Amino acid sequence: MTASDTQQATRQYAVRLGDDALILGHRLSEWCSNGPFLEEDLALTNVALDFIGRARMFYGYAAELTGGDCTEDTLAYQRDCREFRNLLLHELPIGDFAFTMARQYLLDEYTLAFMQQLQQSADATLAAIAAKSVKESRYHLRRSHDWMLRLGDGTPESHERMQKALEQLWGYTHELFDMDALEQELAEAGIAVDCAALQPAWERSVRATLAEATLALPTAEWAVRGGRNGIHTESLGHLLSELQFVQRAYPGLSW
Amino acid sequence: MTASDTQQATRQYAVRLGDDALILGHRLSEWCSNGPFLEEDLALTNVALDFIGRARMFYGYAAELTGGDCTEDTLAYQRDCREFRNLLLHELPIGDFAFTMARQYLLDEYTLAFMQQLQQSADATLAAIAAKSVKESRYHLRRSHDWMLRLGDGTPESHERMQKALEQLWGYTHELFDMDALEQELAEAGIAVDCAALQPAWERSVRATLAEATLALPTAEWAVRGGRNGIHTESLGHLLSELQFVQRAYPGLSW
Amino acid sequence: MSQPDAAQQETLFQTRIDAEEKIEPKDWMPEKYRQNLIRQISQHAHSEVIGMQPEGNWITRAPTLHRKCVLLAKVQDEGGHGLYLYSAAETLGITREELIEGLHSGKAKYASIFNYPSLTWADMGAIGWLVDGAAIVNQVSLQRTSYGPYSRGMVRICKEESFHQRQGYHIMMTLARGSAEQKAMAQDALDRFWWPSLMMFGPHDAESAHSAQSMKWKIKRQSNDELRQKFVDQSVKQAEVIGLTIPDPDLKWNEERGHYDFGEIDWEEFTRVINGDGMCNRQRLAHHIRAHEEGQWVRDAITAHEAKQRERAASAAA
Amino acid sequence: MSQPDAAQQETLFQTRIDAEEKIEPKDWMPEKYRQNLIRQISQHAHSEVIGMQPEGNWITRAPTLHRKCVLLAKVQDEGGHGLYLYSAAETLGITREELIEGLHSGKAKYASIFNYPSLTWADMGAIGWLVDGAAIVNQVSLQRTSYGPYSRGMVRICKEESFHQRQGYHIMMTLARGSAEQKAMAQDALDRFWWPSLMMFGPHDAESAHSAQSMKWKIKRQSNDELRQKFVDQSVKQAEVIGLTIPDPDLKWNEERGHYDFGEIDWEEFTRVINGDGMCNRQRLAHHIRAHEEGQWVRDAITAHEAKQRERAASAAA
């Protein structure tokens, strides 16, 4: 890759990671004043804040690489559904508390490992964002791991809800470990994470947690993919109509 | 009132009636593919279509009275929450099927009587729209009245759901019979309906239906008002972010 | 009079079929004919009903009130088609409840195209133009299907579908003639829906499991490949008119055949999506099951109310 | 040593109050003091928690990522204040569950301002500026309240609230300096939230049911009308700076008093909204009840899980 190719690819990569963080942060923020008790309400809002903060860092970097009028906000508020590149797991509607927590756990295991790798990136900005994210993700994982145990090994109802959530989520996890040409090239340049390589450890951790939580690893074989190509579930468009409303209705202003 | 005052007031009146129809039509359309069985799914969609069609007629007339670039679509898609003037009952989230049907019944009784009066309007366009609406509303009322009986006098569960829905809706019905200065003046000019005068007959009909449906008339005294002043429940803004998304995201185009 | 034996009945049945007679609900028919028809009609009915979801997804977001009304009416028509078809299936001795159970258990299928998500407004154009377009090609052929109620249903459905197709095409035309963004949106929708539309006709004739017997019984009247070719031929011209590009580098006019040649379908994707890895397979079923379950108390209320009404009528009469 | 009788204890208690000593949870206190405090602290706590709803309503729609983060953090702080205050109330011998039951049954109140809907983004500005502003005026005064845990809670809360108020004011300033539409949006929010903010201080001193005793016990340190005046005085200047107009034709500087005179509050509206006819009374409570009920299985799971853990620990130790 030429330097300019690399910059362009890095920009896209930063947008992808920003999209993951923003969309998950948005979903978590939907729990505000809807949590099962006040402490958990605040904890969920707090995690949401971490992710939206992370999105700002990735978008800010992408905007810098883009130049011109591009800002974190143009990236968040002025792209439509097909231009978003988040992995699908992040966008699924929140479901019940078990669904939200199972998703969070599966993603926290992934994201922590991912950010630990990204800390080694040859791109100093990405490495710095990752370093900050690692600390947050460690806390997120501790929390969501605890919830897996509490809900999986709680009441029959909580166990059943958690098992059902896992079954519903499982097919969306495979995409987390896909590498497309862009990421392959960036990985070879030492910039991007080789996420395919994260799978074995991720699966070991998940297996161990589920076993401890008396939950079964889903066995149904299905896999849905598309987020990195802008192919989304139908829920994303609705999320964006909400997220972007003010900016779309009153374009070009300062807030 | 001068002729120009009257025209301006009539325009506002048409927008109000258009807003009522559009927002209720939108709520009904949310049932599409969510009904309790296929026939009812289609019936709800059909009623939704009537209301959106009615909104188009009222908006079309308002746009004509406004002149310039105003169209039915600028009225529907380019006003924000505070500019919408629908009565609150129309905008409440759909709730369960009992809630939707109880709302529909209360409104159908009202709307049929309202449109029968509006047929006599000195404004020929409003009278013509009303004439078409009366036919539809008669059919709507027959349907929603039947549902009151079936659900009210069905199973204990359906009875309880219906009673609960009535309790939740009741405080929003008072506003239906308010006359503000604008409507007062237009009513004196023979253009608008004196909706305050509709209340006794409405209440008689509702009492009779509830009695037949073994349901109790709500007794809690509360009343929420504000729709005609653009003071809405928080649900309307979310509805609009969905309704207006495409026009807001891609302004000024033909579709 | 002695009962004709099974072989005789079957011969007689085939003679009627060959003579282009319509089979009616009370007529004798081979059990496999009945099963085959139930499978096909129920799949067709479920497709209409599940097909309400991707389009229903845009009703609340349609960009003009006119388009909103047209879309609402269209989705309503589709539900109506579902109703005719459920009725047609019921004439074969299966109940609506059983048909719905078949859908929920995964035993009965629906058109796999509805496992693709509707992501932009242009998808309402592409679905109307291509998906309804492909459906019509199939349904026109089925107007001559051998089972009377199904055949009559098809006649009725075809009229409405061609209306829908024109509306979908009109959406695409408007976008294609609109801003650069709109044109790109239309092209993107065509890119995503083109191949899945071709897959709607099913596997190549040689690989089609049910085809030979269905053709003999005239349940199907034309082969998958014939119908697909017809659809390609008509669509290529329609795309040209509005200046959109069909996403197939191998597409070209074959003077000799008098048809367009086109590229090979990605049958792996076809199998993958049919077998559950489409974007929306789980969502579509879960949606239908949820709505059905949430409606249980309503259906129970109707039953209870009707029972009360009957009791009252009976005690009034006594 | 003989127990001092009730009258002696009460005199002793009042002496401590008069000497500005803080009352602590284990200290003797009159039952009415305790009840009065529970009522006030629980109302305060519930206000923080219910207040999360109108602002939570805009988190998903905040117009920039920066504003979204600030709003998220703010709402989180408010929930945190709710937590401190629930804890302070618990020191008086009432459980969280009882406090929540009081809210759900309607026995306990929350600030009536949260029965007004948040309709535009500018409302996030008005709520921060005016509602938090009014709250601070009250809370600064309550830093000197006689009950120790409540007083210390107020000190902690005041720091964060003044930060929130500045953020709200900054939203208003940005809008007031923005486009004509934005300025109108800001003015509209001020118009809607101004009078309800004045109502936050409660009835005039003469009509205030709990005031006299509360002042004597130093639960309250300044009267409703004194605090309201302080709020008006500071807000008028803030509105001037950003060019917004306070919706009160009677508002004018009174040189003699050294304060702004202002119009009479619509006490009928105050009563109407408190008694249930506000736009959102039912919605706010229903929302809280729904979330609480939906969370029951989660709370049950925690209890069950902890019991299992204890059992395992016990059997491991045995």
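For clarity, chains are labelled A, B, C and D in written order, and residue numbers in each chain start from 1.
Going forward, contacts are C-beta pairs under 8 Å (C-beta built on N, C-alpha and C of every residue); 3 or more make two chains touch, one makes a residue touch a chain.
Chain identities (UniProt): A, B = Phenylacetate-CoA oxygenase subunit PaaC; C, D = 1,2-phenylacetyl-CoA epoxidase subunit A.
A quick note: this is a predicted structure, and the numbers were derived from the prediction, not measured.
Enquirer: Mind listing the chains that sit against subunit A and also against subunit D?
Expert: Of all the chains present, those in contact with both subunit A and subunit D are B.
Enquirer: Can you work out the whole-Å distance between the CA centroids of subunit B and subunit C?
Expert: Computed from C-alpha means, the inter-chain centre distance equals 35 Å.
Enquirer: Mind checking the centre-to-centre distance between subunit A and subunit B? Centres are C-alpha means, answer in whole Å.
Expert: One centre to the other, that is 42 Å.
Enquirer: Counting only residues that touch at least 2 other chains, which ones in subunit B make the list?
Expert: 80, 237, 241-242, 245, in rising order.
Enquirer: Mark out which residues of subunit C touch at least two other chains, giving numbers and ranges.
Expert: Each of 61 in subunit C touches at least two other chains.
Enquirer: Any two chains that touch count here, so list every such pair.
Expert: Per the contact definition above, the touching pairs are A-B, A-C, A-D, B-C, B-D.
Enquirer: Over in the complex, which subunit C residues touch subunit A? Could you list them?
Expert: Touching subunit A from subunit C are residues 54, 57, 61, 117-120, 188, 192, 276-283.
Enquirer: Would you tell me which residues of subunit D are touching subunit A in their complex?
Expert: Per the touch definition, subunit D meets subunit A at residues 49, 52-53, 56, 59-69, 72-73, 75-76, 79-80, 82-83, 86, 121, 171, 174-175, 178-179, 181-182, 287-288, 291, 294-302, 304-305, 308.
Enquirer: Tell me, which parts of subunit A touch subunit B in their complex?
Expert: Subunit A reaches subunit B through residues 80, 237-238, 240-242, 244-245, 248-249, 251.
Enquirer: Which of the residues in subunit B come into contact with subunit D in the complex?
Expert: Subunit B residues touching subunit D: 80-82, 168, 171, 222-224, 226, 231-234, 236-237, 241.
Enquirer: Can you list the residues on subunit A that touch subunit D in the complex?
Expert: It is residues 22, 26, 29-30, 32-42, 45-46, 48-49, 52-53, 55-56, 59, 72-73, 76-77, 96-97, 149-151, 153-155, 157-158, 161, 242-243, 245-247, 250, 253-255 of subunit A that touch subunit D.
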